[in-house]
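Take this structure, written in structure tokens, and hold onto it; I'll ask about it next.
Chains: A, B, C and D, in written order; residue numbering restarts at 1 for each.
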Amino acid sequence: MSDTKPFLSDNAAKVHPKIWEAMRAADNADAPYDGDALSAELDARFSDLFGRECAALWVATGTAANCLALATMVQPHGGVVCHEEAHVEMDEGGAPGFFLHGAKLMLAGGESAKLTPETIRVLIDPIRDDVHQVQAHAITITQASEYGCVYSAGELAALSEFAKARGLGLHMDGARFANAAAHLGGSAKDTAGGVDSLAFGCIKNGAMSAEALVLFDPEQADLVKYRRKRAGHLQCKGRYLAAQIHAMLDGDLWLANARAANGAAAEIANGCGDRLLHPVQANEVFAKLNAHEREALRAQGFDFYDWGTDAARFVASWDSVPEDASALGKAISAL
Amino acid sequence: MSDTKPFLSDNAAKVHPKIWEAMRAADNADAPYDGDALSAELDARFSDLFGRECAALWVATGTAANCLALATMVQPHGGVVCHEEAHVEMDEGGAPGFFLHGAKLMLAGGESAKLTPETIRVLIDPIRDDVHQVQAHAITITQASEYGCVYSAGELAALSEFAKARGLGLHMDGARFANAAAHLGGSAKDTAGGVDSLAFGCIKNGAMSAEALVLFDPEQADLVKYRRKRAGHLQCKGRYLAAQIHAMLDGDLWLANARAANGAAAEIANGCGDRLLHPVQANEVFAKLNAHEREALRAQGFDFYDWGTDAARFVASWDSVPEDASALGKAISAL
Amino acid sequence: MSDTKPFLSDNAAKVHPKIWEAMRAADNADAPYDGDALSAELDARFSDLFGRECAALWVATGTAANCLALATMVQPHGGVVCHEEAHVEMDEGGAPGFFLHGAKLMLAGGESAKLTPETIRVLIDPIRDDVHQVQAHAITITQASEYGCVYSAGELAALSEFAKARGLGLHMDGARFANAAAHLGGSAKDTAGGVDSLAFGCIKNGAMSAEALVLFDPEQADLVKYRRKRAGHLQCKGRYLAAQIHAMLDGDLWLANARAANGAAAEIANGCGDRLLHPVQANEVFAKLNAHEREALRAQGFDFYDWGTDAARFVASWDSVPEDASALGKAISAL
Amino acid sequence: MSDTKPFLSDNAAKVHPKIWEAMRAADNADAPYDGDALSAELDARFSDLFGRECAALWVATGTAANCLALATMVQPHGGVVCHEEAHVEMDEGGAPGFFLHGAKLMLAGGESAKLTPETIRVLIDPIRDDVHQVQAHAITITQASEYGCVYSAGELAALSEFAKARGLGLHMDGARFANAAAHLGGSAKDTAGGVDSLAFGCIKNGAMSAEALVLFDPEQADLVKYRRKRAGHLQCKGRYLAAQIHAMLDGDLWLANARAANGAAAEIANGCGDRLLHPVQANEVFAKLNAHEREALRAQGFDFYDWGTDAARFVASWDSVPEDASALGKAISAL
């Protein structure tokens, strides 16, 4: 693959050397499941990071993290409001239907895959308050959004206030939480706003197989522990997952990696001009590019996904080569 | 932990150096999910091992492997026959109820946690053939059993014949499949008999986070792929799981590790004499030991689980220190 | 209620005298569940009606009938294509999510709540053939549609051909099947086209508590029997449900009742002129009427539902008083 | 069937004339679903009967009533303690697995199919308090039990106290609640003890298709309403079900019918002497009878179920002919 310059997906990025080190060091611990010290320390670690009490558990995928949180927030006969282009709706193979025992995803609109109180109101206000129609029990938002856009502290406050007023839970899919935090200046607290639960993504950001599920409601955390086991997600050797998460937080590696990825995306965006379909605030670039143009870029060794028939998606990751990113930006500019 | 001699659980064993090497080497692959070459090669690898066509997928836990197999073998309104002390019934937090959408575990008896056609007949023959009673759709057996006992080739043939005659699927929980194979002389084929699916355990045997789910029915394999994603078990960076499984098979590391564990268990068993509650055929030893005796052993640094009020369970693993095992055997003998 | 002229819902209509007679006569049968002769004869009865072999079972609600059919046609990880305004999506309280174990409703468009091969193609062709996206397993259509419109024999043939070509099951929600059949000239066979299963509605058409679920695939029928019991829908005294269905078919009471209802709806439609939002082909009339106009109608004793802010829905039933219907038509015309 | 003397099942009994009258009278109501006055009055009716506030809903089967109650009392990852011979375990086709989304039935022992605090303790005390084992969330008992035995007020108080102490919900399957109440002197309150919910059976006792689900916790009642709809159990013409329940309560028809059935059972029991396998306290008689003896009884026109190989079950119902019952008692005595 020596000539390929990959901007296909941050899912395929390498594991960061510090993550490897931390995993190797975990060999010496010896309690099974989550009985080890590293797993036990996650609660305190994230309570520090967010400045409020929380519980934190490792799971192997963002899908599991999101669904475990939602399943303990929503009754099977209820519904979850999400953006109509949200990952849970589009790309999780029906996982919410499975974990939530058939609860309904209720699809709202919004610019750049971001929900607002107004787009949610348009969806749920017409629902009759009777048993014939599914009632919303929670909202899930994605930070950064599926189009690489970031909810500001103000937008989060408005959503949180709305959710509380309506008695709805509020979950955040943070598969690219670090990239959002990097954009917002590095405060985990500001980036999460007043959510009830958060899937704190590590895998796209240089970990191997661990996401942190952060729960700000201790009762929910207790339920999630049972549900994680029941879903086959309580791994025998959990210390290796906990180690990845600790390493990600140590010395703010999570922010450093995200800044690298965001920086590479900015380099690409620099060459896109009017082609940009969404503001580039994290590590993803969506650009108008026709089939001919995409072919030309691929001929130069750039790898990426088509986005429909007239656009492309470029995703930078912590290990993107800066020269590749600026080369891509220039190549697009030169089309 | 320098003074502790751990025989608590093979779940807590270290990751084998060759597994680490293989994972590190996988850094250089770059396709997300299971799109990488290592994942793709698993089918061929296990088809070779078992001498018949099969598909093989990685998953992170035995619970997931077992439940994904059973969920695609059993209708939600059906049932799965398992031993009344089987891991799926006792220790998986209700995972079968979740993955199988409420299908029923139907509990049969049998010596040393092993099912026989006769114990299954006693359970299912009285079931009326009507819609008021749950009908069995499949059988699951554990190789080696929860009491460390191994199904012989003849016993497996009888079960397979019985299952076919009754139109029942046959799954094998092989969390300690390698230990069983080591006992039977090393043939994977003989150890699996005519099962339809097998959870080929790696984690207790020196891997970190990968089990192989082996499916001998290609239609079932197709379903399992959808269900794995839906259960949040399709990891982004699957190449690191595939690498563990390949390393386990390379040069028969799986058998070497299992032989080491079985050997350590045999050393312990040597000291147990009449105390043994079950034949020691794999890496587990169940021995009659009263509270006073257990305390005496713990005072010498041995770590293990109580098994009820009058017995103890000792589990050896690939990294058990041989001297510790023989010391434990002698200590029991000297009680 | 002497002064009210009810056009609110056919759900609230009286039970027809012949249905009462048939139920009373069933007192003399004596087998529990569906072991009685009346229940057993349903298969033959509907095989005659449709001119092809089928199985037929009673259930108490259309929701149960639709969901039992779909649950045995669709894997939990799959999806069902329905119209975005279909009853299963809008008004069944999430029942499909429950019965189908979290399978997804996939929403397509179409005039007057009727699907076409083209509207389905627009929905499902962009779905990638991978495990990340939910794949369609079946289609459900409503005959007559939620807007009182009828699929013609030609439209049904096109849908059936499309479904077969794509390997999708085809179910028909026939809550108002009789009204559709009356519109099409009375042939049950033509009205059902080539569907795999049909909820043959009786309750809106003068029965008390029995719908017939008709299954043209014998294997599916066998599964449905288990699922009906499992859903708590196998009533102890099923003979009283079977009796209602038989009475509905005797002497084509089903068609006579539907013709009466359709006739009343036509009378109402006569007065609507340009106000009509959909062709009136069955027993429902949707008409543009502002709040002031609706108030005027209610002041004259007519009862009906608002349909959004600018329209009303009138539903006629077998026991609608013809004079009330023509009075309503005239009242609308006079607005 | 003129010569048959049926003691097969109270499930097949005729509908009582007063039930028919009440249903016919409901023709004149006109609100769909449970919007009618009869349905609305059930709460007050049962609050009177039990002397404490409750909500009451109609459903068509005992299976649905039990499962809706339990599903709103138990998390999907939890379990329900029931007797190992309870109807929910043996004869509901896996309905609890469906309604409770895979929660586990946990089987306890007890004489004559009655649970006691002690038999429950034996079952649940050994369960480790961790996520690997399913934890009990509720208990369900059957009044009268599956062997026709009645929980006394004292036994109920002990169970209720135990449930509260352990934080477990307590549900009562009252398929034959009336027969139990008749045995205990007629007090509904004493017969229900301190349960949280009760399936108040009507169908075996002369109704056609309505059981009352009585909920003493208003929050649970709210959930049940959503779940009833979602399970396809909210019938369009609910007034006909509500009417049956009102008629059953009017003038204590429920007690009169139960007394008739219990009386007939007592006549049968009179002839059984040492053959009785369980005390006869309600309307069921279980008697030791070999195949030859059963054949002799059948030759005299008595109809009943074999109970295993060496016994028979006789069930009397409200419409059992007293002469038939005493004839059966004499015939058994004369064997």
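We take it that contacts are C-beta pairs under 8 Å (C-beta built on N, C-alpha and C of every residue); 3 or more make two chains touch, one makes a residue touch a chain.
Treat the numbers as computed from the prediction; the structure is a model and nothing was measured.
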item: Between the pairs A-D and C-D, the one where more C-beta pairs touch; value: C-D
item: Taking each chain's C-alpha mean as its centre, the one farthest from subunit A; value: D
item: Distance between the centres, which are taken as Cα means, of subunit D and subunit B, whole angstrom; value: 42
item: Interchain centroid distance [CA atoms averaged], subunit A/subunit D, Å; value: 50
item: Whole-Å gap between the CA centroids of subunit C and subunit D; value: 34
item: Interface hub residues of subunit B, defined as touching at least two other chains; value: 76-77, 92-94, 97-98, 101, 131-132, 226, 229-230, 234
item: Complex interface listing, subunit C residues touching subunit A; value: 76-79, 90-94, 96-98, 100-104, 131-134
item: Interfacial residue positions of subunit D with respect to subunit C in the complex; value: 1, 6, 8-9, 11-12, 14-15, 20, 23-24, 27-28, 30-33, 59-65, 67, 92-95, 97-99, 203-204, 208-209, 226, 229-237, 240-241
item: Footprint of subunit C on subunit B - complex, ascending; value: 75-77, 101, 131-132, 135, 223, 225-230, 234
